[in-house]
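In what follows, a single structure is set out as structure tokens and then discussed.
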Amino acid sequence: MGVSVAADQAPRYAPGMLIHQDSLRVTSHGRGTIELTREVEAIVAASGVTSGVATVFVQHTSASLIVCENADPAVRRDLEAWFARAVPDGDPLFEHTAEGPDDMPAHVRSALTQTSLSIPVRETRLGLGTWQGIYLYEHRRAPHARRVSVTVIGA
Amino acid sequence: MGVSVAADQAPRYAPGMLIHQDSLRVTSHGRGTIELTREVEAIVAASGVTSGVATVFVQHTSASLIVCENADPAVRRDLEAWFARAVPDGDPLFEHTAEGPDDMPAHVRSALTQTSLSIPVRETRLGLGTWQGIYLYEHRRAPHARRVSVTVIGA
Amino acid sequence: MGVSVAADQAPRYAPGMLIHQDSLRVTSHGRGTIELTREVEAIVAASGVTSGVATVFVQHTSASLIVCENADPAVRRDLEAWFARAVPDGDPLFEHTAEGPDDMPAHVRSALTQTSLSIPVRETRLGLGTWQGIYLYEHRRAPHARRVSVTVIGA
């Protein structure tokens, strides 16, 4: 077991600091994941930022964000199966039921995953690992229009 | 199912980059959520930042942060009911019990929710969705004094 | 119950905005936590940033990041015990089993914890609470080489 610093890059003053914001409009077909990696990457490219951070934020409390394995779609089906068992729809535990049996579970699932992701930008691209994709996770059963905000700060 | 870019704003150089940090002192009455949206918004206003990111960070491991529905208080009661069942106080699974039957569950709940939130600042305000609020989630049963750090970076 | 603003610091223009990126290479001995606080602190020190934000990002989907209590190692053992029960290895629920009985649980555990952490930098140091440590959480049973990216932005 060990930890070492890679020392990739020296610190630098950034007199030409850039900031760029944009939004994604995502239309879901109901519960499940929708990959956003390519669209977030396009916003990073448009920002002109070489080194920095991209902040991805979903403006809802019944849909969320995850970084997940992007190779085998079964991974996201299994993740959904786990959530369906751990936070079941129609659970008699819940008092907030007026918006449907899947609404309160959607809020719990959102609290257990992410509303915001901060991803490094390195050499003008998202610094994701080989098998990482960015996904919107729709937790409601009905289709919804979702808004995801992306802010890129760097130089 | 589709994803489109809203293209709200062009990238721009930000020669007058701003950074602003402040802290919130939050006194809890024991387990439950306390809304911080208005206080974080006030720090964003004081920062002078028009476009950027606000980073909210809780300096504890038995209290956490969530973005949650701000309309029906039953949502946060149901979230608490779910956690009380999934991570029960006094669980015989736990070895770390010296600080009370609710201490180790508080650490698990904190790991399952957020220590930090990154929220876009747009047009001088937090870029939250209509139904989103920022909450400190106190997981201990006794009242605690909590510290939340807020950093706003942008232009 | 109350919330007050500490008003630690006035906003300021930051003409000498800094950005610094580096990576940690972490070798795990299999499932468990590895503390990274000292190494992230060293990158913050190298950055020259006095006030800002450090973004820590793990480039994998079967290992994750947590901020956890740093005093009693039993806390992290109990956290592991909770995950081992809530997301058991070899669960017949899972279809994605080709990479071993601990692979899909590793993806679920990662979704339930963090891929990215945003931590304030205050007075040239990480603005962590007294009992907070930054940990890589290896979820696979076999040793793995992991990469953690750190970006420091501030002034």
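Letters are used for the chains, namely A, B and C, taken in the order the chains are written, and counting of residues starts over at 1 for each.
What we mean here is this: a contact is a pair of C-beta atoms (placed from the backbone, for glycine too) under 8 Å apart; a residue touches a chain by one contact, two chains touch by 3 or more.
Since this is a predicted model, take the numbers as computed values, not measurements.
**Student:** Superposing the C-alpha atoms of chain B on chain C takes a rotation of how many degrees, nearest 5?
**Tutor:** Superposing the C-alpha atoms of chain B on chain C needs a rotation of 120 degrees.
**Student:** Do the two copies chain A and chain B share over half of their interface residue numbers, or under half; same or different?
**Tutor:** different
**Student:** Report, in whole Å, the distance between the mean C-alpha point of chain A and the mean C-alpha point of chain B.
**Tutor:** A distance of 17 Å separates the two centres.
**Student:** Where in chain C do residues touch two or more other chains at once?
**Tutor:** Counting only residues that touch two or more other chains, chain C contributes 15, 17, 53, 86, 112, 114, 117-118, 153.
**Student:** Show which residues of chain B lie in contact with chain C when the two form their complex.
**Tutor:** Residues 15-29, 34, 36, 39, 42-43, 46-49, 53, 55, 57-62, 86-87, 91, 93-96, 104, 107-108, 110-112, 114-118, 147, 149, 151-153 of chain B touch chain C in their complex.
**Student:** Which stretch or stretches of chain C touch chain B in the complex?
**Tutor:** 1-15, 17, 51-53, 66-69, 72, 74-75, 77-79, 81-82, 85-86, 112-114, 117-120, 122, 127-129, 131-132, 153-155
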